[in-house]
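Handing you a structure now.
Every chain is named by a letter (A, B and C) in the order it is written, and numbering of its residues begins at 1.
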Amino acid sequence: MKTIEPNSSIATPETFPPPSIAVWQHSHVLDLDDFTREEIELVLETADAMAEVLTREVKRVPTLRGKTVVTLFHEPSTRTRASFELAAKNLSADTVSLDASKSSIVKGESLIDSLRTIQALGADIIVMRHSQSGAPYLAIQHVNCSMINAGDGWHAHPSQALLDLYTIRRHLGTLANLKVTIIGDIMHSRVARSNIWGMTTMGAKVVLCAPPTLLPRGLDSFIANCQLPNVSIETEIEPALENADVVMPLRLQMERQQSGLLPSLREYIQLYQLTTERLSMAKPQVLVMHPGPINEGIEISPEVAHGTQSVIEEQVTNGVAIRMALLYLIAGGKNK
Amino acid sequence: MPPNILISGGRIIDPGQGIDRIADLLITKGKITWLGDKGTAPSHADLTTIDATGLIVCPGFIDLHCHLREPGFEDKETIATGTKAAAKGGFTTICCMPNTNPPLDTQASIDYVKKTAESEGTVQVLPVGCITKGRQGKELTEMNELAKVGVIGFSDDGDPVASSRIMAVAMDYSHALGLPIIDHCEDKELSDGGFMNDGWVSARLGLKGMPKAAEEIIVARDLALAKLTGAKLHVAHVSTEGSVELIRQAKEKGIAVTAEVTPHHLTLTEERVMGSQLEKNSHLRYDTNAKVNPPLRTKEDIAALIKGLKDGTIDAIATDHAPHTSVDKMCEFGLAAFGISGLETALACLMSLVHNNQLDLKTIISKLTFEPARIIGSRYGELGILKPGCRADVTLFDPNKEWIVDSRDFASKGKNTPFDGCHFKGRVIVALVAGKIVYRDNSE
Amino acid sequence: MPERTLMSPEDIQRALIRIAHEIVERNKGAKDIVLVGMQTRGVPLSKRLATTIQSLEEITVPVGSLDIGLYRDDISSLHLKPVIHRTDIPTDVTNKQVILIDDVFYTGRSIRAAMDAIIDLGRPQSIQLAVLVDRGHRELPIRADYVGKNIPTSNNEEIKVYVKEVDGEDKVTILSPNKGATDEND
């Protein structure tokens, strides 16, 4: 199965970049809404250097030696957690992974108390996933550790958006003026929200496509109030896919049908599944992406998921590089 | 016996009597005795004079809606601390909601509150009884009994009465007693566990929203039932433009409805959840101090609420004082308790509207005194007015005194306020209950 | 601002040509040599050396670039971070003579990090070091095999290397602290 290769003449530019010290303002990575274009580019460039490490036989550099990275996941997640853990280990950090469902958080200890305990144990960086939107913003008010948001409720998933940007750039060179179509449960999607910020900052146009019950009622107003003219909304898939450069179907959770937001999965599939036929409306070199895990046969057909335009697996590899880049950039002393 | 007091040289604003002038006020034996030109008070032995120069003198504020949390939630507030907070806020009479534990749905629990208020309270506490037993929305409380022990109305506040049938029956039953049904209007199925107003901020923050329609649906339903039954309906904490319009139209049709609005709904929008303007630090988002039910809404709603106050659609201003412990509030936004501790910032908040020329002073005072008194009725005497013979409940405030809100200074146990750090102009200086000074400002 | 030129473009060119000769001499030819330029200015210098060696031996020597950012011992500074560029060495270094090329040789810490990086990539037969300028003040027991010019300095002086591919011109200058007023806006 031939998959498209990244465009190598774009990936490693021949010109020598001027020596520079980047001023990195973030002690935390909570969302992309406060990242400038330069900062996003810095993350992507750093990820490039990290990607090289991942091609070695021994995928390890001593950069974060002596640092402790604790992953605290309140929601089950195999890929994101493993991705962060591997990223930390590749940088020679010590890692501890806490599964909230098995730890004292469920026994009634508050989030703040748990975080304080983790801080007292010596964590330098906390990577946290939480089911409540806004949890990381509460966390950073109470601990000095640096924090990376691995996903909070419906709100944000910055490392996912960054790896999406990185993947697109590897293949298409630049994000400027690209049409990026995100299809699916926008209402409950932290991936969609972070991608809105990341993609528009880098100059892309974002099209959000979903059945009306899966679009927040305040979405139009959000776009207007946050001055995001490059974001538009479609409830029909055809105009959303037309000439798209990137198509990203989102996982449809079964609960959405159960909670009455959709009449049936069948109708969703009929109207919104990304099939080979529908994909042909996009540009010929369209990239098919997905934050995973995939519901094959629901939001995406198996043919498209494993087809020539799919870069879904590459996203996972890029995820480790991006997360290494983020750990590197925010490491370096506790937040004052 | 409280001392004889002469409040001298203040600007007396008493909307109930249409008074607004510099004058003296004489209080003897706990009652208002005389009001007249400065320096012309009849002489009295043992007279204490309070110099009210530069201050506004008005009837003590009446809060139709607050939560004292006792019995059952004494870690959040007690009758003792809540009434101290009331006094600090210039409130001399407060009506406490029955969502305590046990709820105030029996004579015994009401008696408990009254007795505790008498022995430990700083201001007058008037109880509100539950509409349904246990606030479960299924069976009516013994409203007659509760009326006998002195409730000023009925409410399941915190929750609506979900069933229209039960609400209709409750209205029929209370009608005969001449006491209002106070409804927290929220269609809980529609608001569906939401955390803030359903709008652009909730979309951006990824928080489940409570649509405005969830309030308006129940307001409309209650108005229809009020029309059907002829009962007195009082709409608690109105927050939307649509609700204001429904109430306006109902009043035009002669339906017996009254309504209240809170100071925070008059001054804050949903954007406050994203953080205070005081700190440009993006990391202050998801401020649980701005989590309240009904939620903070939009600029358009604020404009409609202000208009509703001006044209009489909204009768009163009530704080919905809802103190919580820090444990209840210092947690994830979705898990935090709803409520704002508002007694001590109410006046300052409202004064900001006066200083911005959005409302005039007389309207604010009227909505805090005369109008709530009218809704309470006469069973506790003539409240909210400085007529000779009435209880000397008096508030003196400096409309221009500048201060910065610091919740650590609150008398209330509840430090949950979105106004921390706010610069306000307007502060209560003295509060008297039945002629006794219950609060005196000693700040600089 | 007292910035004195110590090497002109011609001086630099001659030094590089001499170093290229020395590399070939010491390694008895150009077989099994890998040139690795250290980011940033070592990279164009390594390319120039490769060109010279190519003309001497008619062998294309592989040239790579190395960023030591991931091997630093001071991940401390929160705000100031060197931008990390992709390390790109196009051949396996095992059993090769790896020649590190850097513009200024000072405390030796960068070279220590570079050696760690190279050893992570394979097992070279030798690692040699070529520098354009050696300014002294070693803090680690590391020496250069090939030196363009020795420039003794004091710690409060600064050596600046300008390389045409990066800075638009070739020269080496020294910045001494002014005896009189200090001018920050140079």
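As a convention for this text, a contact is a pair of C-beta atoms (placed from the backbone, for glycine too) under 8 Å apart; a residue touches a chain by one contact, two chains touch by 3 or more.
What you see is a predicted model; the values in this text were computed from it and never measured.
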{"item": "Middle chain, criterion being Cα centroid separation", "value": "A"}
{"item": "Most distant chain from subunit C by Cα centroid", "value": "B"}
{"item": "Whole-Å separation of chain centres (CA-atom averages), subunit A against subunit B", "value": "46"}
{"item": "Subunit A and subunit C, separation of their C-alpha mean positions in angstrom", "value": "38"}
{"item": "Intercentroid distance (Cα basis), subunit C paired with subunit B, Å", "value": "75"}
{"item": "Residue list for subunit B, restricted to those that touch at least two other chains", "value": "none"}
{"item": "Complex interface listing, subunit B residues touching subunit A", "value": "198-207, 209, 211, 282-286, 327, 330-335"}
{"item": "In the complex, subunit A residues that touch subunit C", "value": "12, 16-25, 27, 42, 45-46, 48-53, 56, 58, 60-64, 67, 91, 328-329, 331-333"}
{"item": "In the complex, subunit A residues that touch subunit B", "value": "28, 30, 33-34, 110-112, 130, 132-135, 137-138, 140-141, 152-156, 190, 193, 216-219, 221-222, 224-226"}
{"item": "List of subunit C residues in touch with subunit A within their complex", "value": "39-41, 43-44, 67, 69-72, 75-88, 116-117, 120-121, 165-166"}
